[in-house]
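These notes open a run of structures that come right after.
Each of the two complexes below includes chain A, the first together with chain B, the second together with chain C.
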Partner chain A sequence: MNVAVVKPTPERALGELFATARDRLPGSGIVSEVREAAFAEFAKRGLPNRRVEEWKYTDLRALLREVAPLAAAPDQAALAKAATAVAALDVIDAYKLVLVDGVFAPKLSDVSALEAGVRLNTLSEVLEDRDNKVRGDLLLTNATSDVMVSLNAAMATDGFVLNVDDNVALKKPIHIVHVATQTGTAAFTRSLLRVGKGAQATLVESFAAAAGAQTYQVHDAVVVWVGDDAQVQHVRLVEDSHDASNVSTAIVTLGAKTQFNSFNLTSGSVLSRYQGFLRFGGEHANATINGVNLLKDRQHGDTTLVLDHAVPHCDSREVFRAVVDDRAHSVFQGRINVHPDAQKTDARMMTRALLLSDEAEADNKPELEIFADDVQCGHGATTGALDESLLFYLRARGLSEKEAQALLIQAFVGEAMESIADEQLRELAIATAERWLAARG
Partner chain B sequence: MSALLEVKNLQVRVEDREILHGLSLTVNKGEVHAIMGPNGSGKSTLSHVIAGKPGYEVTGGEILFKGEDLLEMSPDERAAKGVFLAFQYPVEIPGVATMTFLRTALNAQRKARGETELSTPDFLKKVREVAASLNIPQDMLRRGVNVGFSGGEKKRNEVLQMALFQPSLCILDEMDSGLDIDALRIAADGVNALRSSDRAMVVITHYQRLLNYIVPDYVHVMSKGRVVKSGGKELALELEESGYAQFEEQAA
Partner chain C sequence: MPAELETVERVRRIDVDQYRYGFETIIESEKAPKGLSEDTVRFISEKKNEPAWMLEWRLEAFRRWQTMQEPTWARVDYPKIDYQDLYYYAAPKKKPELASLDEVDPEILKTYEKLGIPLREQEILAGVVRPEGERRVAVDAVFDSVSVATTFQKELKQAGVIFMPISEAIREHPDLVKKYLGSVVPTSDNFFATLNSAVFSDGSFVYVPPGVRCPMELSTYFRINERNTGQFERTLIIADKGAYVSYLEGCTAPQRDENQLHAAVVELVAHDDAEIKYSTVQNWYPGNSEGKGGVYNFVTKRGDCRGRNSKISWTQVETGSAITWKYPSCILRGDNSRGEFYSIAISNGYQQVDSGTKMIHLGKNTTSRIISKGIAAGKSQNTYRGLVSAHRKALGARNFTACDSLLIGDKCGAHTVPYVEAKNASALFEHEATTSKISEDVLFYCVQRGLSQEEAVGLVVNGFVKDVLQQLPMEFAVEAQKLISISLEGSVG
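Take a look at the complex of A and B:
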């Protein structure tokens, strides 16, 4: 047993992180090579700090300090705790796929119930499949060189590889549930969803903690390809424990005439970063990417979206709302790249922050880079407090201060939730926001 | 029998300026009082202070409501006790459906009074009845509170709330402002339907016109932060003839 009292330097901790995890990471051969290269990239650059422009408001070196050691595979006790946490989630009619501490938990999942037209594999089984010559590609992306995505590729233990066949319309959402049961460890997960041409699918992702799980880290990535004429809804709910960290990435590629509708709600985690990279790869596609941050105490929540309008005739809409209380800090960065050929792009981004205390902070960074000349791009950002005249009107009608605030906050975030087409998922988002408001007292 | 509302020698400041310089007013159950006066006489300030709007500093005097110190209560406590201010300019609240607002407010008041919350069917039935009597279409109730409402619709929405909450004191702040004669008549009819021996009303207005529709028992003339003359309903007609100028000199 090592009894050294010297705190390891971040660099040393980094090396140990991969060395000790290596034996547990699924995949050999090409997969190992991809992991080695990805980790080398991470080791070279380290956790992003404020001098990295994309991370300037979320300095992981200061806020996360170091990447926690890989979580152990869940034992029976952990699975039992996770089952309780899953049962406590809001009930939605969906195919539930549960990852406990980064490992697929079949007994907590609805695998057998999956509809015809959906193929499901776990990430670990595909990575272990030596006959699959392209299995290493599951850990690669050319959408971003973000270092946290490299770390995820190096360390991913499990996740799902889902294929929805062409022209299949799934009746129920696929619901990936991430449950943490441990304290002080990190789970690394990666899932891939390929939606065939003309198909329709809904992906829900929930992040939750089992009782007693504290200061854990979630490192997740989701890669989605939407085939031509397909329709995809994507809803994320981050309700991790109040001292956990969650660094997640979504990489989305849209085919022609697709409709992609995405909504993220972050109310948990002391530190969270959700970064979305969305690329329009076919004409006449339409994307709505909305989000809400509900932050209090000393929470830091960062939503960073990068949209690439690479082809003409695509529309994008982004509506983001932040409600920031106490000493919390919300970040929204929205980048829209309109490539030279992407004429007739129509891109709009609106972000609003509501500050509920004098010490709350919100940063909005819109960035538009436009290389085509016949486009419509617009963005707006506001930051302010609740309107006193509205509060007084409600209080004069009998609502307490907290009730009046809650009603106005619901209305404020409701604007970003209107776009959730599926009613049960919209209700789920509203219920999650209500829970946050109720916890304010 | 103690009065419903007793305002005694009330002095109120906004920032560095004193607006009310010792105003007194007593309102009993079943009475309708009109408060008239020129712009800037302090009429709206009085209504705001009674309802508990922030930003006013009471430097002297007191307000008793049903014998209790109203100034010690938060605006929502006052509402639950039965104080209702019909706003001169009802605010628009986008994203809060009128129905949701009405139910939340009614149940908050009931809860504060220790009463059970109204069930959804009972609530809906009650709102529909009241709305129908005020010519308020159902789709208006589904929209955001006052969002896109005309001036007349906003005032009718105030009367709707009054009818729903059944307060014991209604303060109508310039209810005629921005209304044409037809809209005024509908709103006034709604108010008149709520007149009862258990309820008092304070009607604040600049013009005598409103008092043709809501006929008061007493009329008070305010000028420069004081009540300078009180009388019966005939005082309103007198004012219409002679204007406020005489009182302004008197108050100065």
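Take a look at the complex of A and C:
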């Protein structure tokens, strides 16, 4: 007898997921209310699909199908496995904050020598703090109504709440390390960083897998406020396992005369989406947002950036590079909004894709939305293969095909990496790219 | 007198929001009952004396249309259109069959005279500057829902070119029409194209046989005259192997407080080694300075480069319409085929333009070029929306896109929404876009040398759009240049 197997719809599976996870999620009272509302929003709209313009090229309903169940809190064995993965990333001198399967792992972290003027709490700790009247706000944002950000708010288990006081210049970067140890589960994390007036800070985020962790999902969000005259560097390195998924959001608000410098490199994950929402909240601010996607096999990598020039006299620069091999698919969507009063805006965006295989695909959507007249805005987009004449030149000088390609690819992505001011971080990014090239063979 | 000065002179004589072609022709006309139903479709088909297959085709489109939703993705904002509150057919009352132009209602002839469209062959004097001697243009004049006159038919017939109203072609060349109608823009394509398929009333049909270079420019002039009437024209142009044709399209409408609907479909088919050049100067009534009235222009234009080495080139100057929703596209199916899109879109007052193109590379070694110049002034919104895509098998596809926007004033908006999709490594795509305002330095330089502010702006704008103007046939280029300055009138200072 044939029995029809009824597949649960993704939304229904997710509803169950929230119901079972609810008891484990930190925070009660107002926090629970915010989570309920956020989840209701998600349940109403469901996973984004190609009919949602912002997700046109990254149809999560088709690619992710459903959100995996919440990862269990890591046990000793998991922490031991994670320790090895963290050690491998431990190449920069930084204040290390480790999240294993979405939960803070103090023993793997290194915050003993945190400088004066920096306050650190875990997200779960603040959400549980009943005396904190505004704890519910940690899960709210008005920067975007993106449904994956709502899902993150509903499900976030842990993360960090960091405060850098005014005029404090951090000597070492803050390094948040996300490690997954489990297979087939999802981790939801959210971190908030407030950088005071005139302060200086560097935030590094790494995403990696412990040995054996497969097909897991990472759902992360960071929210950054940069106070007037402050300087912030932000570097992300996504090296998740090759069958994992990573959906991350960065929400950044810049004060007046700030310098914000961000770089993202994605070489891991079979499915990744990094979406950045950056808003200029004060005049004379300056932002550089660069990114590189290194994709092969059947990887799908999406970088979506929305820059809101809400005030006059701000500059932004975006440089994006994608190297796409095999049957991989790279997506870049960049949008520059210039509000009616944001005169003297100077915004530039350049996106280039390098296709190494006939089955690779690159989609670019650089958008300009301009409501002020005295502005300079421009974008460029190119797609193409490696230049045959350059390859020939190198081959003629004795380099092998692969070596010649590697050299040209390095130069191609190098342009986007130049903006990383910190030398040790730039080296780290270059090393990551080299690892990818080496693995290409 | 230099062109710029002439332009400024011309502008001075006109009030800010005065539209040159805003007059109305008082003429008796015959209309279909208001509203849209199967009966309306049958009525139109019957009026046109169409064969049964055509009616069936229309009805199928109509049934499909009833299940469709009006698209909302474009960056245009307009009150909901009540499709039941429109007339779908209006025709000047006429005697059953016209033998010659003399029998056309003199009022209509006067209208075209006023518009500067030559309908009498002996009086053809199109164009202003004509250095290389006599150039003639064959005109098909469409007044509301019917074609009133087509000139030079005899001469074209000698060359083997078929140029006639599509309603006539359906009767006289049913095989050709059956074969090509809806083959580029299928009836199910989109909301407005489907509506057009159900109720289209007239338009032009062009067939250029193999190896023939059409001896003159072909042109259609569209005029909406009747109140509350939608115009739904359908144009079908076929260039057979090795043929060449250049086609011009112009349009105007009277000045009215209410909005008029215009939903056209244009289909182009280019076979092996054929070339079609399609130029439009769109000057529908844009509404007054408060944004009242104006034409809603929802147009589906698509060219199919079906054969090897075929070429389709779209050139458009968009200055009119309250709302423009228009994306002339090229499907580059044949190997080595080429698509071109040159556009100037100017918006002033409360106009909203959402226009651009699609270049779909399917064949090998296909190339395309997109040059789009958007100029936004007043309180208008001007959007470029374009797609360039290379199919997996489109080896060696090549595209170059440049879309520049110029903002005049701080109440307007200019937007660029390009989609660039490459599905194979040998595709080489380049896209660039800039948005800026007219540089103060440049204006200062001009003013310092004795030009007025307005002349200086005219000069800069004409320079900005030069790349596209050069693509227009001579007759249109001069007219378009003037039109541009008129459209921008009132935006300076």
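A few remarks follow.
Criterion: the second predicted complex is superposed on the first by the 434 of 441 C-alpha atoms of A that agree within 3 Å, B and C clash if a C-alpha of one lies under 4 Å from a C-alpha of the other, contacts with A are read in each partner's own complex, and residues count from 1 in each chain.
What we mean here is this: contacts are C-beta pairs under 8 Å (C-beta built on N, C-alpha and C of every residue); 3 or more make two chains touch, one makes a residue touch a chain.
These figures come from a predicted structure and were not determined experimentally.
With both complexes superposed, C is the one of chain B and chain C in contact with more chain A residues. Looking at the shared chain after the overlay, A:L394 reaches chain B, while chain C stays out of its contact range. In the superposition on chain A, A:E16 contacts neither chain B nor chain C. Once chain A of one complex is fitted onto chain A of the other, the partner contacts of A:E403 are limited to chain B, with no touch recorded for chain C. Legend: residue contacts after superposition of the two complexes on their common chain; A:A411 is shown touching chain B, with no touch to chain C. By the document's definition of touching, neither partner reaches A:E115: not chain B, not chain C.
Shared-chain residue A:D297: touches no atom of chain B or chain C.
Across the complex, chain A is touched by residues 51-54, 74-76, 78-80, 84-85, 87, 90-91, 93-96, 100-101, 104-106, 108-109, 112, 144, 161, 165 of chain B.
Against chain B, the residues of chain A that register as touching in their complex are 387-390, 392-401, 403-404, 407-408, 410-412, 414-415. Every residue of chain C that touches chain A in the complex is listed here, in rising order: 73, 392, 395, 405, 407-437.
Those residues of chain A that touch chain C in the complex are listed here as 53, 340, 343, 353, 355-385.
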